[in-house]
Amino acid sequence: MNPVNYLYLAALLFTIGATGVLVRRNAIVVFMCIELMLNACNLSLIAFSRMHGNLDGQIIAFFTMVVAAAEVVVGLAIIVSLFRTRHSASVDDARLMKL
Amino acid sequence: MSFPLLTATAVLPALGAVATAAVPAARREAAKWLALLVSLGTLVLAVLVAVRFDPGGARFQLTESYDWIPAFGVRYELGVDGIGVALVLLTAVLIPFIVLAGWHDADPLETQSKRWRPTQGFFALILMVEAMVILSFEATDVFLFYIFFEAMLIPMYFLIGGFGDRAHQGGEEAAATQRSYAAVKFLLYNLAGGLIMLAAVIGLYVAAGSFSLPDILAARADGELTMGTNTERLLFLGFFLAFAVKAPLWPLHTWLPNAMGEATAPVAVLITAVVDKVGTFAMLRFCLGLFPEASKWATPVVLVLALISIVYGALLAVGQRDIKRLVAYASISHFGFIILGVFVMTSQGQSGATLYMVNHGISTAALMLVAGFLISRRGSRLIADYGGVQKVAPVLAGTFLIGGLATLSLPGLAPFVSEFLVLVGAFARYPVVGIIATFGIVLAALYTLVLYQRTMTGPVRPEVAKLPDLRVRELAVAAPLIALLIFLGVYPQPLTDLVNPAVRHTMSDVQQHDPEPEVEAAK
Amino acid sequence: MIALLIAAPLLGAAVLLCGGRRLDRAGHWIGTALAALSFVLGAVLFAGLLGRGAEDRTLVQHLYSWIPVEGFQADVAFRLDQLSITFVLLITGVGSLIHVYSIGYMEHDERRRRFFGYLNLFLAAMLILVLADNYLLLYLGWEGVGLASYLLIGFWQHKPSAATAAKKAFLVNRVGDMGLSIAIMLMFTTFGTFAFTPVLDGVGKTGEGTLTAIALMLLLAACGKSAQVPLQSWLGDAMEGPTPVSALIHAATMVTAGVYLIVRSGAIFNAAPDAQLVVTIVGAVTLLFGAIVGCAKDDIKKALAGSTMSQIGYMVLAAGLGPIGYAFAIMHLVTHGFFKAGLFLGAGSVMHGMNDEVDMRKYGGLRTYMPVTFVTFGLGYLAIIGFPGLSGFFSKDLIIEAAFAKGGTQGWILGGVALLGAGITAFYMTRVMLMTFFGEERWRNLPAASPDQPDVEPAADHGGGVPHPHESPKVMTVPMIVLAFGSVFAGAFFGIGERFVHWLEPVTSFAHGHPPVAAWVVTVATVTVMVLGVGLAWAQYGRRPVPAVAPRGSLLTRAARRDLYQDDFNHVVLVRGGEHLTRSLVYVDHTLVDGVVNGTAAGVGGLSARMRRLQNGFARSYAVSMFGGTALLVAATLLMRAV
Amino acid sequence: MSASAVHGLWTDLAAPADGSIAKIPAPTIEYAQLSPVMIVIGAAVLGILVEAFVPRRARYHAQLFVSAVALAAGFAAVVALAVGGHATTRAGIAAEGAIAVDGPALFLQGVILLVGLVALFTFAERRLDPAAHGNRVDSFAAQAASVPGSDSEKAAVKAGFTTTEVFPLLLFAVGGMMVFPAANDLLTLFIALEVFSLPLYLLCALARRKRLLSQEAAVKYFLLGAFASAFTLFGIALLYGYAGSVSYGRIAQVVEGTVGEVSPALAGTMGNDVLLLLGAALVTMGLLFKVGAVPFHMWTPDVYQGAPTPVTGFMASATKVAAFGALLRLLYVVLPGLRWDWRPVMWGVAAVTMVIGAIVAITQTDIKRLLAYSSIAHAGFILAGVIAAKPEGISSVLFYLAAYSFVTVGAFAVVTLVRDAGGEATHLSKWAGLGRRSPLVAAVFAVFLLAFAGIPLTSGFAGKFAVFKAAAEGGAAPLVVVGVLSSAVAAFFYIRVIVLMFFSEPKPDGPTVAVASPLTTVAIAVGAAVTVVLGVAPQYFLDLASQAGTFVR
C-alpha cells in the first residue's frame, strides 16, 4: 500500500490533536492531545523512513517516544500539583496572570 | 605625541564629576568648592586650547586619533576648528557661573533622608554634562559625536527632573509631577530625534564607508565619494531632525518651555546656553559638511521654519506669564536666528550664527541667572507677582535690565554684532527673509521691556518690599557676564578671527560664494 | 582727541553707574565736570578746524576694526567735519548747561547720581552718533541715545505712567531702527560697505530704485527718532521724564538726530527725488500736526512737546528740499536747540516753583513771582515765534523761503504750509505765555493737592496746598540766561552774511533757492502771519479770563487734546490686536503644537492598552494565537514561493 | 566523516550482510570536543546522586559546589577548545555528525555557561527571605509536592527542607542549551530542545512564595511548550521526508540540489517543495516560540511573572541565547538556499515583534512582566540582525546575545532584592522612590534599564548598533527604521521606571532592599560590569564574535 496514505493519516491525526489542544479545557486531555500530535509525527516519520528506505525515521520515532514519556513525567507532575492546589484541572481556571 | 589637550578638557570635568559625587553627605560645602575648582580648571584648559589654536593653520587642529571600535569603523577622533574652539570656550566659561549660581539650589531639605545626597549629585551631573558637551564639540568622528550627543541626555534628564525651584506655587507635589513631566518630555523628544539620527548614522556608514568627518570631506573633495541624491537627502533629514529637536526649531520646540520652566535657573541656562548649542553647532558642521547638496535642497524649508521660529517665539514670549517660560520662548526666537544664519549660506550669516551661539549663551545666562536670583527671593515665577523691584533692589534690577537689553541685542552689547551679521547675511542672499527677520528685533524689544516694566518698575508691591539686593556671590556671577557682553560687543575681533577661517571652509564645503555687491557686479 | 571727546562722558557714566553709594555726594559734580570737559575739547577741536582751509576740514580717526568678517568690514572710526562739530558743540554746550541746571532741579532726588550717569551716557551716545564715520557705528549711537532716553524718561520708574512712556518711546524708536538697519543692509548689498565716503561717493554707480529704497528706510529711521508722523506718538508721553531731560533730549539734541541723518545722507536723497518729496511731505504734515496739538494742550510740557514736533517738522521739510535746504535745516536745528531748551528749562523752573504743577490753567500771573524765568522764557518765546531780529526769525524765515523756492505747485503748497505753521506757532506760544505769566492768579483758589497728579515728583517735597511761587536758585537760572542769550543772538550771528551756510557748504553742499516771489515778500508775509497768530491768541486768552477747568472745546480742540486720536488708533489696532494675537498663539502652541505630541503619546498608550487585552490569561487562547501564527507563517512561506 | 553517509550507526545496521550479523563498527566520538557538554551533563547526573546519597544538611553546599565547579570547568573546556582553534581553523563536526563544534557553537556555549554560573549564584541566594524556623531558605519551595498552605508544607518548612534538586535541573537545562545551538542534525536539535525545556518547566513551578502563580506559569509554559515542540517535530518529520535525512549538511545539499547520487524516492520527494517549505516553517516556528517572537510570544509575560525570579532571569537570558543560536544555524546552514523564501517572512516577524513588544510594554504595571515584554522587543531587534544574511549578521547577533543576556540576568537579580512582607515587590507602584531609599541599587538598575533602552556607552547600545548596522548593510534599511522607532517607544517605559525610582517620593509602606549575600551581589556586579565594559570598550568582544562568526557545515 502506498505509504503516502500513512502521511495523510498522520496529518489528520496531527490536526485532530491540535484542534483538541485548542478546544479542550481539561489539562490532562489537552496534554493527551499533544501526545496524539507527537504520535502523528511518529507515524509520518516512519512512513517517510519507509519511503526513503533508511532507518533514520524509525530511530527518531524511538527517541520521540522516550521524549514523550519524559514529558508525561514532567507534565503530569505539574498538572497534578496544580490540581491539588486548585482542585480543578481546567486550564481556563488558571488565569491569575493576564494583561 | 603631544599632550592630548582636547581629551584633557573633557576628562578633567568627568573626573571632577566622579570625585564630586564621591564626597560624603556631610561635607556638602566641600563638594561645591570642588565642583567650582574643577570647572575653573577646565576653563584654564579651554583657554589653553584657544591659545594653542592657530586660526591661520589647518582646518582641524590639536587632533587626536585612536582606534576605538574598529569593528564599527569608529575612531576616537578629536579635533577643533575655530567654531569648535569658540563653543568649547563658551561652555568652559559658563559652567563656573552656573555652578556658582546654583550654589544653594540643591541643598537638601531637612525632611530628606541623610543618605540622600542631592548636592553632590547636582554638581556632579553638571560637570558630567560639561564633559560630554565639550567632547561633542571636539569630536570629528560622527559616531563619537553621536555617542556624546545622546549620552548627555541622561545627566540633563536627572538635572531637570531631580532639581526644581524651592518654593513652587501649587506645592511640592504639583512641582514634582510637573518636573518629571518636563524631564520625560525633554528626554523623549531628544531621544526620538537621536534614534532617528542613529538610523541616519548607520546609513551614513553604509553610504560613505567611514565615520570620520575629515576623511569624508576629503573623499568628497576628491570626488571619490558620491551619494545618491535621495540617499543624501534621507540621511540629511535624519541628522537634521535630531539637531532641530535639540536646537528647538519650530514646531519641535515645545519641550524647551517645559524644561526651562521647571528646571532651576542654572540648569535652564545649561540647557539653552550650552546643551542646545550642540544642535546648531552640529547643523553647521555635520549637516552642511556631510550633505552639502541636500542642505541646499532643504534650505528653503529650513529658512521658512527658522523665520516662523523667530516671529512665533517672540510673539509667544510676549504672551507668557512666567518669567522662565518667557526666556525660553525668547531663546526659541534666537535659535531661529542662529539656524537662519547657518542656512542662508553666506559667510556673514555663518560667522554671525557662530557668534550668535556664543553671545546668546552669555546673554541668556546673564538674564536667566539674575531672573533665578529674583525668583529664589520671592519664590514665584509669575511676572504678576512682582513690581517695583527696581526700588528695593536697584543692582539686581540693573543687571536684569542689561541682560534684557542684551537679549534685545542692543548695539554695543555682544548679541547685536551677531544678530546684525545674521540679518545682513540673510538679506544679502534673500532680501525678503532678511526683512521679515528684522521684525524680530522689534518684538524682542517688546517682550524684554514688557518683562522689565512689569517686574521692576511701578509701585513697590508689599511682597517684594523686603527683597534683599544682590549678594556678593550673585554679583560675582552677574558682573563678569555683563563685562563679557560689553567687551564682545565693542571688540568682537578675537572671536571673529577664530571663526572666519572655519566659516571659509564650511562655505567651500557647500560650494557657495557670497553674492557680490551690486556696484562691484556692475563693474 | 576725537575719541577723548566721547570718552569723557562715557567714563562719567561708567563711574557714576558702577560707583555705588559712596559717590552720591560728589556724583553730580563729576558728571557736570566731564560734560564740561568734553565741551572744552569740542571747542578746541573747533578752533583746530577753523585753523584749516575750508576744504580739508574733515578729520577721520580710525580707532580699530570693529566687526571684521569675510567680506564685511565695520570699523570704529570717527569723522570730524563742519557738520559733526556743529552738533558736537550744540550737544556738549547745551548738555553742560543742562547738567548745571539739573544740579539744582534734581537736588532733592536721592537717585541724583544715577540721573547724572544717565545724562553722561546720553552725551556719549549722542556724540558717537554724530561723529561716527559709518552707518553701523552711527546705528550704535542711534540706539545708545534711544537707551539713554528710555532710562531718563522712565527715571521716576515708580510712576507707571513714566515706565509706560519710556517703553513706548523705545518701541516706537525700534520701529524706526528697523528702517535704519534695513537701510544699512541695502547699502551693504549695493556698495559692499556702509562707510560714509564710499557710499555717498558711490551713489552714482547704482540705480535710482535702490537709492529711493535706502532713502525711504533712512526716512523711517528719522521719523522714529525725530517724532515725525507717523511715529510721533511717543514724544508727548516722553514728557513724563524730568524736565531737564525733556529740554536736552526731547527738544535740543536727540530728537534732531533724524535731521542729522537726512542731511548726512544728503547725497543719497539728492539722487532720489521721490524720496525727497516724501521727506518734505512728512515734514509738512508733522509741522501742522505738532502745531495743532500744541494749541490744545493744557500741560505746559506737552504744549512745548507739540511745538518741538512742529519745529522739527520745519527742519525735516527743509532737509527734504535738498541742497537749498540742508544748511537751513541745521541752522534752524541749532537755534531751536537754544530757544527750545531755554523754554523747557523755563517751564521746569515754573513747575519747580509750583509744586510741579504742569497744568497751565492752574498758573497765571506768575511774571511777578519769578522774573528771571519770565524774562528768559519770554525771550525764548519771541525767538520761537520768529520775532524779527531774534534767532527763530532768521532760521525759520529761510526755511519758508526755501520751501517756496522748491518751485511749482509743490513749492506753493509746502511754502503755504510752512507759513501757516508759523502763524499757529505764534498762536500757541502766545497762549502758553499768556496762560502762564499773565492773567489772574488762578493757582490761589485751588483744591489742595492737585488731584490729577497723584504721585508728586520727588523734586518737590514742600507739600501740597496753595503753592508759593518762587524764583529758582542761581544754579538753575544761570543756564536759562545763557540759553536766552543764545536764542536772541544765534540767529543773527549765523544768518547775516550766510556765515553758517558757507561753513557747512563743503559737507552739505549748498544751492541758492529762487522763490517765485521776492524774498522780502516772504519775510513780510511771515511776520504778518505771526502777528495774526499772536493777536488771535491774545483775543482768546489775553482779554478773556482763562477757565481753570478746560472747557469742552470744539471738535478740533478735543481731537488735538488727544493727539488727533493717533494714540487711540495705535492702541486699538496695534496693542489690542497684538494682545489678541499673542493670546491666541499661546493657545495654539499649547493645544495644537504641543497637543500633537501629547496626542501621539496618548495614542500609543491607548493602542498599548487595547493590545494588552489580547493577553487574557487563557492558555488555550495563547495556543490559538500560536496556531494562527504558524498558519500565517506557513501561508506566507508558501506564498513567497508562489509569487 | 562525509555528510553523505549520515549516522553510520543506524544505516550500517540497516544493511543485512547475507544473514550473518556484521560487526558493528564502534562510532567515533570526539570526547575532547564534546567535553564541555559532557562535563555539565555529567555533573548533573552527579548532582542527582548527591540528592540520593548525601545527607540533607550537606546537600545544599555539595550541590552548589558541584554545579559551580562543573560550570566553571565547562567554561574552561570551551576556552581550551577555542584556543585550540576549534572555533576557527579546526572547526568540525563531531559525534558522527550529530554535533558541530565551531565558532558560534563555542561562543554561545561559553556565554551560556557564564550566564548559567551567574544564574547559579542567584539560585543559591539564601539571605533574602527571612529565615524560617532558623533555617536559611532560598527562593524555591520547601517541598514542591506539598500543597501550598497545607500542613505538609508547614511541616516541610519546619523541617527546613529545601529543593536542592534545582541545581541538577539547572545543570541539565544548561547542558541542553549548550547542545541546542551546536546540534547538527534535526534529531539532536529536538532532543536538546526537550532536554533544556523539561527542567525549565519544573523550575518554573518551584517558587517558594506566590506558588499559585508559579504553578500556573509552569502549566502554561509546559502545555504551550509541548504544543510548540509537537509542531517542531512535525516540521522535522516533513524535512526528513523531503531530504531523506535529518543531517543539516545533507538537507542543505538537497535544498540546493547539489546532492551526489539521487535515489528514486529522494527524487520523488525532492520535487515536492511543499514538504520543504512546510517543514522549514514549522521548525522555525518552534524556535521562534523559544525566543518569544510575536505571535508566539504570549507565554512569555505570564511565565516570566510566575516563575521564581532567579529562574526567570536564567530563562530570559540563556534560553534566548540557545534558541537564537539554533535559529541562526538552521537558517544559515540548512536553509541558505531558501533565503529568498524565509527572509521576507522574517522581516515581517521581526518588525511585528519589535513594535508589539515595545508598545504593549508601555502599559505594564509589574516589573517582571515589563521586562518580559522588553525581552520580546529585544527578540525583534536580534531578529533584525539574523535577517542580514551575511557574516556580519551572525557576529552582530552573537555579540548582542552576549550583551543582552548579562544585562537580563543582572536586572532580574536586582528584582530579587526589592522585597516587602509578601516576598518580592514586583508591582511598579512599590518601586516609587527607591532611588531615595537605596541610591546604589537604584542606580545599578538604572544602568541596566539604560542598557535595555540602548543608550550609548552601555552594552545595549553597542549591540543594537551592531545589529542595525548589519541589517542596514544587508539591505534591511526599513527594518532599521522600524527598529529605531520602536526603541524610541521602548525608551519611554524604561524611563518611566527610572522616573518612578528617582523622582517620586517613597511610599511609607514601600518595600525595602534586602541585604543580599555575596552570591547575588557578585551576580549583579558581574552583570553591571559586563554592561559597562561592553559598552565602553566592546572591540575585543566584537572581534571574538566576528572570529566566531562562521558556521561549519
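Every chain is named by a letter (A, B, C and D) in the order it is written, and numbering of its residues begins at 1.
The rule we apply is simple: a contact is a pair of C-beta atoms (placed from the backbone, for glycine too) under 8 Å apart; a residue touches a chain by one contact, two chains touch by 3 or more.
Because the structure is predicted, anything quoted here is derived from the model rather than measured.
When the partners of chain A are compared with those of chain D, the chains appearing in both lists are C.
When chain centres are taken as C-alpha averages, the shortest distance to the whole-protein C-alpha average belongs to B. When every chain is reduced to the mean of its CA atoms, the largest separation from chain A belongs to C. With centres taken as mean Cα positions, chain D sits 81 Å from chain C. The distance from the centre of chain B to the centre of chain D, each centre being the mean of the chain's C-alpha atoms, comes to 46 Å. One finds 65 Å separating the Cα centroids of chain A and chain B. Centre-to-centre separation of chain A and chain C, using mean CA positions: 97 Å. Looking at chain D, residues 219-220, 223, 227, 231, 301-302, 492 sit in touch with two or more other chains. Multi-chain contact residues of chain A (touching two or more other chains): 18, 21, 30, 91, 94-98. Counting partner chains per residue, chain B shows two or more touched chains at residues 188.
The set of touching chain pairs reads A-C, A-D, B-C, B-D, C-D, using the touch definition from the header.
Touching chain B in their complex are the following residues of chain C: 17, 64-72, 76, 114, 136, 139-140, 142-144, 147, 150, 154, 157-160, 162-164, 166-167, 170-171, 174-175, 177-178, 181-182, 184-186, 188-193, 202, 205-206, 210, 578, 581-583, 585-586, 589, 593-594, 596-597, 601.
The residues of chain D lying in touch with chain B in their complex are 436-437, 439, 450, 453, 455-457, 461-462, 465-466, 468-469, 472-473, 477, 480-481, 483-485, 487-488, 491-492, 495-496, 499, 502-505, 538-539, 542-543, 546.
On the side of chain D, the complex with chain C involves touching residues 219-220, 223-224, 227-228, 231, 273-274, 277-278, 280-282, 284-285, 289, 294-296, 298-299, 301-302, 340-342, 344-345, 348-349, 356, 359-363, 489, 492. Considering their complex, residues 185, 188-189, 250-251, 253-254, 312, 315-316, 318-320, 347-348, 351-352, 388, 390-391, 394, 398, 405, 410-412, 416-417, 420-421, 423-424, 427-428, 431, 434-435, 438-439, 441-442, 445-446, 449-450, 453, 456-460, 490-493, 496-497, 499-500, 503-504, 507, 514-520, 522 of chain B touch chain C. Across the interface of their complex, chain D is touched by residues 601, 604-605, 607-609, 611-612, 614-615, 617, 619, 621-623, 625-626, 628-630, 632-634, 636-638, 640-641 of chain C.
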